[in-house]
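Multiple structures follow.
Note that subunit A is present in both complexes that follow, paired respectively with subunit B and with subunit C.
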Partner chain A sequence: MKALFSQPLHVVNAGLRGFADNITSAGGTVTNLDWQPPAGADAALGWQLANLLRDPRIEEANRTAYARYLAAQPRLFDVILARDAMPGLGGGQRRILHSGPPIAWADMCGPQQGAIAGAIVYEGWADTIEAAEALAASDAVAFDPCHHHSAVGPMAGIISPSMPVWVVEDGETGKYAFSNLNEGLGKVLRFGANSPEVIDRLRWLSGEFFAVMQAAVRGLEDRNLKPLMAQALHMGDEVHNRNAAASCLMFKRLVLSLGRLELDRAMVNRALAFVAANDHFFLNISMAASKVMMDAAHGEPHSSLVTVMARNGVNFGIRLSGTGEMWFQAPANPVNGLYFPGYSIADAAADLGDSAITETAGLGGFAMAASPAIVQFVGGTPADAVANSRRMLNITLGANPAFTLPALNFGGTPAGIDARAVLDTGILPVINTGIAHRKAGVGQIGAGITTAPLECFAGAVAALAGTLEAAP
Partner chain B sequence: MTLQSRTYPNLYKDSVTLMTVSAQIMAIPGIAAASVAMASASNVENLGLAGLGCFAVRPNDLIVALDGTEAACAEALIRADSLLKASASAAPDASAPEPLRSLSMAVACAPAANLALISVPGDYAAAEAMKALRLGMDVMIFSDNVPVAAERALKEFAEMKGLMVMGPDCGTAIVNGVSLGFANVVRRGAVGVVGASGTGMQELTVRIHQHGAGISQALGTGGHDLSEAIGGISMLQGLDALADDPATEVIVLVSKPPSAAVADRVLGRARGCAKPVVVIFLGADPAAVTGGNLYGAATLAAAADRAVALLNGTDVAVPAVRDMAVMTRTLNPTQRHVRGVFCGGTFCFEAQLVLAAAGHRGQSNAPVEGNALPNDIAQSTGNSFLDMGDDAFTQGRPHPMIDPSLRNARIRTEAADPGAAVVLFDVVLGYGASADPVSGLLSAIAEAKGRGSNAIFIGHVCGTDADPQDRVAIVQALEHAGVLVAGSNAEAAAWSAAILTAQMGDGA
Partner chain C sequence: MKALFSQPLHVVNAGLRGFADNITSAGGTVTNLDWQPPAGADAALGWQLANLLRDPRIEEANRTAYARYLAAQPRLFDVILARDAMPGLGGGQRRILHSGPPIAWADMCGPQQGAIAGAIVYEGWADTIEAAEALAASDAVAFDPCHHHSAVGPMAGIISPSMPVWVVEDGETGKYAFSNLNEGLGKVLRFGANSPEVIDRLRWLSGEFFAVMQAAVRGLEDRNLKPLMAQALHMGDEVHNRNAAASCLMFKRLVLSLGRLELDRAMVNRALAFVAANDHFFLNISMAASKVMMDAAHGEPHSSLVTVMARNGVNFGIRLSGTGEMWFQAPANPVNGLYFPGYSIADAAADLGDSAITETAGLGGFAMAASPAIVQFVGGTPADAVANSRRMLNITLGANPAFTLPALNFGGTPAGIDARAVLDTGILPVINTGIAHRKAGVGQIGAGITTAPLECFAGAVAALAGTLEAAP
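Presenting the complex of A and B:
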């Protein structure tokens, strides 16, 4: 108080607006809050949250974790069969990975069940979809979140042992992250389709296409992904729901690599035609790069940095750097978006997929200012896109100088979500996403913008408070 | 009649907005009862008790609950909807700055912020205060209903950080010449005040201003600070801060009587202060304030007079005692009681003390020692002193300092009682108080007189010539209406006591 006597009075007014006028007319300065009850109006949790603000243990842990995120250098290391790269899928284990937090077969949404049944047929563990479903319902196949195996997958997020996976390496930590290959649009496994043409395409992807890609990737001159993604942001991508530019940039690198190899021309042409036809080709690589950046930040005790946001079509789940392997889940929020003709919100599955790892890493919705085209999905304007990126700065630990946004005067993308700030402000992480049909196999029926549910952050902050109380 | 309601999920509105909307839909003909409230546990319970229906407790949801005719309910729902939306959602302009949702956001855009003024609902106030302290700001908590444990935690944390928590339930402060909450406009000067009583501080600072002196700082502590549980942490901090403040030459401490242990601690610290300290523990014997540079006072006015005298080195001029006995000529012998109807809790308290000292006891919803609680606060008997700002009168309503209509109605009722000799009241001016505090009061008085009441109206206007309301015009209007306007609350009470004493003499 003594210090205040010798300073110009500057009041932050939280509550009755009328008090501000008095202060202004008496010559004081006022900053008014647009106050709303924090922590979802849970007063007890709000008190817990208040006591975590500027806690030196959290601040220190966040600095460390955030620095590791910034330092990460994702590089496209390889493309290889999952069973040869991922310990959890090797040695003949019957395990299938899916997107989002853990979930039992019986509780999965339509697209995820459909995709798993398709993967079981693809693996040859069953001959028909019906038999595959029966097998899935028994205990003969294990299911795990991709995130439990350093992996991410869009939509249903299915990775089974015989699928090729992108391997992204962090040059700083030496960690690896994995993602499956993008099958394009239409009837695809990630939306739950499992008809013979889908299985056939998966077989081609793990056969001829895999052979070409592996050779191309192994021959790449430039494996660095951060500069490619940064360039794509300057070309109108946010590298989540728009990957047109990044896919082109990767295509150039692959062509140069393939040009140095003596491969069958027809095979190469088919592979390149497939890549060229798919504007989302780069999405899975973007996700693996994001995953390896967030894994670099994960595991710092007491850190409130969010390292995972993922959805399984039922629940949205997050993880914090400082709370280890715990998931904090809540029902997914609805998607505000545009539907392809003939479809409506009644047809939509709940928010699905691991692709929100891009937002977790400061891309996607957080980098929306780079991608005005994306806001068309919600009838928005380029100004809305910029506003979305700016708003996210209020809940992040900083801005990533490696990913700059021209529309924000080349400021960095907001990155490093602080769960405390989300809970305190009620500003929810914004996520650009595709919308899957609730029935398996119909495919994508729209796209739009959604948010992470507040309840996840409430649970996470309460758990973090618990670890701090338990700490010496 | 039908019950109707509408729920708005995740739409938060502050209580002032809610009450404003409630009032506007209540005014629709055919609406018997209406409530617009957040679905907190206590509000949902109240809605049930009021017969407005059963609702789920969802504190972020807003409920509009109605009882009335079909047509009126339909109209009310539309009206409420447009009122709620008008202030709520003017479509977010993408180029507009992001609304500041948290203290952290505010500090990020205003790093020079150094004091947080918190008037959010009591359930959330402690958390906001803790965040403000952790961000390095001093804090004033206007909100009440903050648990004692939280108040203690806040004050201990603040003490550790060298910061001060004014409140909870702190209505008044003047910091660096700026009025916060309910406060009067007074000149800056050399008297520093630390007080646990809002209207007590207003009365002190106003009178110091009227004596030509001024206020360096007026720091509120909240009403619970001097309890055993808190131990006077804020008052001690405020005292230390003023003791070190070069602009402060005389210090005044004001509170209701603290527990003996806390009083010892506060007086002990004050004795060690190099500056004169005037202490008024309302209701405690001023003679018990001894030693060092300490001066006891029995009334707020006396404390202000003493402080200015210490500052100037000479006594202040006090108006001659006015003879009240002559005023009683118009009264009937059966008119023997005073009916006090107050906006300021401390004024109600002090008036009881002054009358009790003259032997006039009575009933009060906020009784001093020796006075009793009434059986029915709606019905006065004998001498009566009502604090209209008490929770019993303010449930779901603004404080009478903001909206004096309930207080005015009560004045009319009291004046109509043939046993009432004196109707005693206060008018509080300044920031936060009603912009027009007297027109309703004047009509209530005129109406009472029109119905044949010959009770004597005695009032006191707590305000300065610099307040946003026109003090001179208000005093003139009251005098024109036949009100005896005293110079202080204590004087108004003393006048009332003199009239009662004279009336009792007549009857004996």
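Presenting the complex of A and C:
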């Protein structure tokens, strides 16, 4: 102790900055760790959290849920029309699915309204965008989150009855998940564009392209998606905002399947040219695969594992494995990113889309270490990309050995967000995302990185505490 | 100075370790930098090198040669038979090309002899491997390095008249380079295997596969190889020992081209299935592209730029831009690597093949930072991969802005080896490579990392000094 007081002090402060003020004013050197009070400094919630952090029921439930996530075996099963895939869209019902938690037409953000208006015209329920908007504002069309129908959609996330959807099956649980087809970049429905060229492309996608893809998928020799996604992680993808490798690998499988079939060559060539030109082709498949992996983990009583993160451009919503169908919502964050020339954050819609299901499954922003080149698309440096993956290990139940990250010395990708850990550490799940213009009809204006709001996790943990108190 | 002597010393020693012995024995702490005398401690050569390092004629020549390397625009031009591509293989001549510097049949390593015997059977010049070996040992077959015919071949590097070769054109200089077709992994001619299945595969490659590839290449919309290779570097390839992404990207181009042609579907499907199953498909194209880039830089008087590194399994040979057709040779190093089960370094042939042309062009081992996953194939850690690329910057004339490495914050790949810098620093060019069994007929037994021997660079620098003394 004597030696301690006789030599110059360098103090590391792990706590409130105020703790170190006396040392600083006495001439000592202090390094403040990046610390903040748990539970967003809400004392009551903090005590609740402290109890939950040592609750053996949660630990046990999380082990079970996480093991189910790890065991899932997503397989590309089919491509069919949404109305044949989901009972909620069948039988002539006028229902349209959207991304994120539930929201009424009047409250939706511009791109989601724009995309819905486009989908109504595409379905033939109205002839013009104006008429479609009027119809949407009436009670004649129902709206539901994709997640209420085992589905996910990027950005606006619009799925209407006549759209084809990928069907991904979990070979382990037999559950299915669905996602729409990727339209490419530029003026596309998912970013809120709805001009005639957008509608025409949707019609081609549900016509000729659908026919070719359905035949190709039904003839696939290898339907397993996890090995393909794992390989893509070794080829610079994080399979959310960068899908160049995964799309190329899937292209290879589709070509080999189509080679075994007797289809019209011109049709096949147009379909393959479309796939070859779209480095985001695999995104929607990656999302459906992530959805079945998280659905496998969903529904374990008491589990604090996050099984859904989704945004509707107004609110960010999450679900926990242990709290069933409840949504925990907070206003969606703006997206810090790279904007196309002529646009800035002032033009941007808030964080939007179901694609954060990839991060929920340990991919996307969580797997950024796999994808140093992603920073050319979403901003930052390759070192940031590695740091993001490392940081996420603080809030996840483990690392997925099926998805290894070369830059982390082949450690698994951080996976299985524990809502308690987010609330305890204040470390927010990082999400790579596209950026839509806030007005309907414009489209994509950039891409970037954002985070899930802490309030969602505070709400989820409080609700989980409630179910535990109610439990015997 | 007083303060210096009164406080504990920590000394960094940049020089011979002996310099620091007194400090150590007096109780000081010494960190020895990893230093060794220049020119391999050969005093006479060291003085010669010192003069060359400040010779403005070399600086000027290197600038010119390096600019030509950077300006090269390799394009995939055609696939034709070797006898139609290279005059030295035409007109019924019985000549076979091999990798590395010149070598007589009797001196060749096992895999090269095995591959040549296989090629003789393939050509129909002998009916059995034994008869082929007897023919090879007579004067009835001529042997030449691939590099003497603007060609490169991986491992044994065998090119015989009836084999198809890729033709890569430099859009800038109009020069051509050639490489044979990749046979896949396992029992293949380039690793010295020559069983009937190997010969049968070669016959299929020069028959049906050749016909499909020629049609596909002639119909390509995009022939540019540099952007494809640059993209592959962002997808985890170093385009020498890892070509998974580049092969997939080339597959995409070939499929789109074949879609526009009327060819027999069954033929096309077999050819595409072969390409799709071979992640090394692009290797030989990468080598031919590297060869035209280096040939563009070759022949600049006084330049110390290395334009060829090649190994015949006995000797490692290099060429400089400024010393014309001369080879500078030394015994090839063994390869430190990962061996297939049942094999060890005792079974291995020495470093073999022309594929080090990729490293000569700044790819392969020089671009390892692009390819952390390569260490699963060649050994080491992802951190080693990044360190290798960084270290190579010490011996290259620059970094190629056309080939950027995400892990180095999108810095260019180190490119343009300066033989003077290798001799001055003792830092040896790092090479990723496959490992062949030392006996004929066996095939690949592993993959690993090796280096070019210092003696090659010593010889080259001495010869360059001679040309400078002779110059006016």
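Following the convention adopted for this analysis, the second predicted complex is superposed on the first by the 433 of 472 C-alpha atoms of A that agree within 3 Å, B and C clash if a C-alpha of one lies under 4 Å from a C-alpha of the other, contacts with A are read in each partner's own complex, and residues count from 1 in each chain.
By definition in this document, a residue touches a chain if its C-beta (ideal position, glycine included) is under 8 Å from a C-beta of that chain, and two chains touch if they have at least 3 such contacts.
All values derive from a computational prediction rather than experimental measurement.
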In the superposed arrangement, does A:Gly426 touch subunit B (first), subunit C (second), both or neither? first
Does subunit B (first) or subunit C (second) touch A:Ala26, or do both, or does neither? first
Touching A:Leu53, do we find subunit B (first), subunit C (second), both, or neither? first
Is A:Ala383 in contact with subunit B, with subunit C, with both, or with neither (first, second, both, neither)? both
Between subunit C and subunit B, which one touches more residues of subunit A when both complexes sit on the common chain A? B
Just subunit B (first), just subunit C (second), both, or neither: which does A:Ala140 touch? neither
Go through the superposed model and pick first if A:Ala373 touches only subunit B, second if only subunit C, both, or neither. second
Hey, what residues of subunit A end up touching subunit B and subunit C alike? 381, 383
The residues of subunit B that touch subunit A in their complex are 12, 14, 16, 59-60, 92, 94-95, 98-110, 112-121, 123-124, 126-128, 130-132, 134-135, 137-138, 142-143, 150, 162-164, 175-181, 183, 185, 217, 219, 237-238, 240-241, 244-245, 247, 431-432, 468
In the complex, subunit C touches subunit A at residues 231, 234-237, 244-245, 248-249, 251-252, 255-256, 259-260, 265, 268-269, 272-273, 276, 372-373, 375-376, 381-383, 406-407, 409-410
Note which residues of subunit A are touching subunit B in the complex, please. 1-5, 7-19, 22-23, 25-29, 31-43, 46-47, 49-51, 53-54, 381, 383-384, 386-387, 390-391, 394, 421, 424-427
